[in-house]
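Labels for the chains are A, B, C and D, by order of writing; each one numbers its residues from 1.
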Amino acid sequence: MTVAVIYGGTRECGNTEILTEQAVQNISVEKIYLKNYQISPIKDQRHTEGGFQDLNDDYNYILERILCHDILIFATPIYWFSMSGTMKLFIDRWSQTLKDPKYPYFKAAMSSKKAYVIAVGGDQPFLKGLPLIQQFQFIFNFIGMSFEGYVLGKGNKPNEIVQDREAIVAASQIQKTLIRQLETNRRYENGF
Amino acid sequence: MTVAVIYGGTRECGNTEILTEQAVQNISVEKIYLKNYQISPIKDQRHTEGGFQDLNDDYNYILERILCHDILIFATPIYWFSMSGTMKLFIDRWSQTLKDPKYPYFKAAMSSKKAYVIAVGGDQPFLKGLPLIQQFQFIFNFIGMSFEGYVLGKGNKPNEIVQDREAIVAASQIQKTLIRQLETNRRYENGF
Amino acid sequence: MTVAVIYGGTRECGNTEILTEQAVQNISVEKIYLKNYQISPIKDQRHTEGGFQDLNDDYNYILERILCHDILIFATPIYWFSMSGTMKLFIDRWSQTLKDPKYPYFKAAMSSKKAYVIAVGGDQPFLKGLPLIQQFQFIFNFIGMSFEGYVLGKGNKPNEIVQDREAIVAASQIQKTLIRQLETNRRYENGF
Amino acid sequence: MTVAVIYGGTRECGNTEILTEQAVQNISVEKIYLKNYQISPIKDQRHTEGGFQDLNDDYNYILERILCHDILIFATPIYWFSMSGTMKLFIDRWSQTLKDPKYPYFKAAMSSKKAYVIAVGGDQPFLKGLPLIQQFQFIFNFIGMSFEGYVLGKGNKPNEIVQDREAIVAASQIQKTLIRQLETNRRYENGF
């Protein structure tokens, strides 16, 4: 059982990353920084003859990375009360993968995963971030993932998140839960 | 007083466009299809020395187009319970414009505009589209625009939206309101 | 197939009632005015020995009235961004009925019904009424009812709702849908 | 600076009360159990000649109790994805107090207070409780109170809340914040 963090932010070591670090410290995770890849907007060709065309970007590479893992942490700054456009581009493309004959097991694979969301914003994120959480709920429901938890943190200027004690503590709680989940699974895999 | 429609979809003549057509028929509008432009993801350089760097894409061109108009209609398919990634990329960049010395009047200009949202999705949009509406509410509040109304339509396959009579009627109501707003304004400009 | 309207308001001929009238005109409906009945707050005795005790109020009478019908319209003024306390008292008591040996078929009966919501408020109901709609979505999902549609109208002073043309039109659309549903059913019952 | 807890639950020592206890332990608070009082549903007489009539119940007594305090904690079980009907009855009556010549300072007094919400439910409260939080946000905005924080806990059977470690920890965080707020204020009152 392994963990991937999917970062939607564009800043190095931004507040979202600092908060997420609290949730994954001392845990081996693969970190995927979406900003380092080229992800094209989806072209909705569900109803086009021939279906979706390959967009020749990095999307499939990232997809295959996340498919390896059992727990996915979606870590995004809150831009305009929603996930970053970059992260949205990535998720939009799932519609293409759902129809892609190369990934017939995509939905089944996703539906066995657990998901967490960590999001940081500057404008009352614990209230104005709630529609974002509800959207992730719908997204995870649709794809069949189990929504295990989230943290909404407050931060604007670099490093400001460390002053949001509630968020730091909540992220640490997620870390404890992750360790428990990984441990339980390890015992199980060992036949205990 | 003039109207622009900002399309976030990727399909030609998709359901969102059909529904929006109900709202703007017989009205002179400028239609902006975001899919026809290159819009880069924002790089959050608010706290970087030197600030935001020009991204050499089509964003500023589109921005200047919408700044000419008084009423903006955001027309987007609902992808994964939110606006399309393409539209999100566009809105994310407003953070850059807010700091751009070329557009010192950006927020003031936006805050005099009226906004509508027209969104079409396949999975219970009139319920699962509500977080999207709440996000637009926060977006418009932040930038100071007046949120005048919205329609959530149901459609998946090409042309399916025409079966959503409630949405079609609601879009026609928006058209009546638009005509009234344009007419009131024309009288006002004429000194009546 | 028959229709009941459950009114949560406290004013005679209030805006909610006027708007609802648009949705049910020329349709035979049973109107239940909750304000005319005594409904006690639930006592949560799910985990008490002996379970729920009869509260000797009008709740069961109202319950039996609504169980007779196939389509339920919940019509409530928006008080403090939610349904009226009176309507909430009524719905809270469903938890008791779910355990009541007198109504073993309660959930099954409810899950065959269709539901509509009509709500009127004075403070941006088409935006600030959305959490109320989401709650009804959860309520109907839980009990198994199908959420067929809703209207959020704007009105504060007596009769003000008639100025909200969008809401009036949307309520008329519900009326057309209701007539279609009743008609379809009638043909079905007649063996056509 | 003093704290009141307003309990909306109907069970003695229920999960909501246990969770709230984490937030107020070692703090002197006044606890108001709404279930112990008679609170009539509001009669909307805003537009009636003569205005609101006294309802001869315990509402004003409770109101005067909470007006004495600077920090209010609204502690409610989540019944049907919303606050309890009992708590809703209480809040609905604020509309009457807003017009009551006996309390001309009501809104001003409320607007200087800080508010917290603690709510416990059995059905995915951390997701399905979000509309409830949004409603409290609108309520507090309207009356001018500052929404300082909330905890959504999971519990159904008696005492089950203690297993929701995230909620217990979050409630403890609120306790720390409360102590800090009270301490800051004490220094201020003492002239430090």
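Worth a mention:
Here is the rule we go by: contacts are C-beta pairs under 8 Å (C-beta built on N, C-alpha and C of every residue); 3 or more make two chains touch, one makes a residue touch a chain.
For reference, the UniProt names are A, B, C, D = NAD(P)H-dependent FMN-containing oxidoreductase YwqN.
Note that the structure is a prediction, hence the values are computed from the model and not measured.
Two copies of one chain, chain B and chain C, form a contact in which over half of the residue numbers belong to both partners. Fitting chain A to chain B on Cα positions gives a rotation angle of 180°, stated in steps of 5. One simple way to say how far apart two chains are is to compare their mean CA positions; for chain C and chain D this gives 27 Å.
Chain B and chain C have Cα centroids lying 34 Å from one another. Centroid to centroid, with C-alpha atoms defining each point, chain B and chain D lie 38 Å apart. In chain C, 130, 134 are the positions where the chain touches two or more neighbouring chains simultaneously.
Within the complex, the chain B residues that touch chain C are 126-127, 130, 133-134, 137, 147, 149-150, 165-166, 169-170, 173, 176-177. Those residues of chain B that touch chain A in the shared complex are 9-11, 14, 35, 41-44, 47, 77, 79-86, 88-92, 94-95, 123, 128, 130-132, 134-135, 138-139, 142, 157-158.
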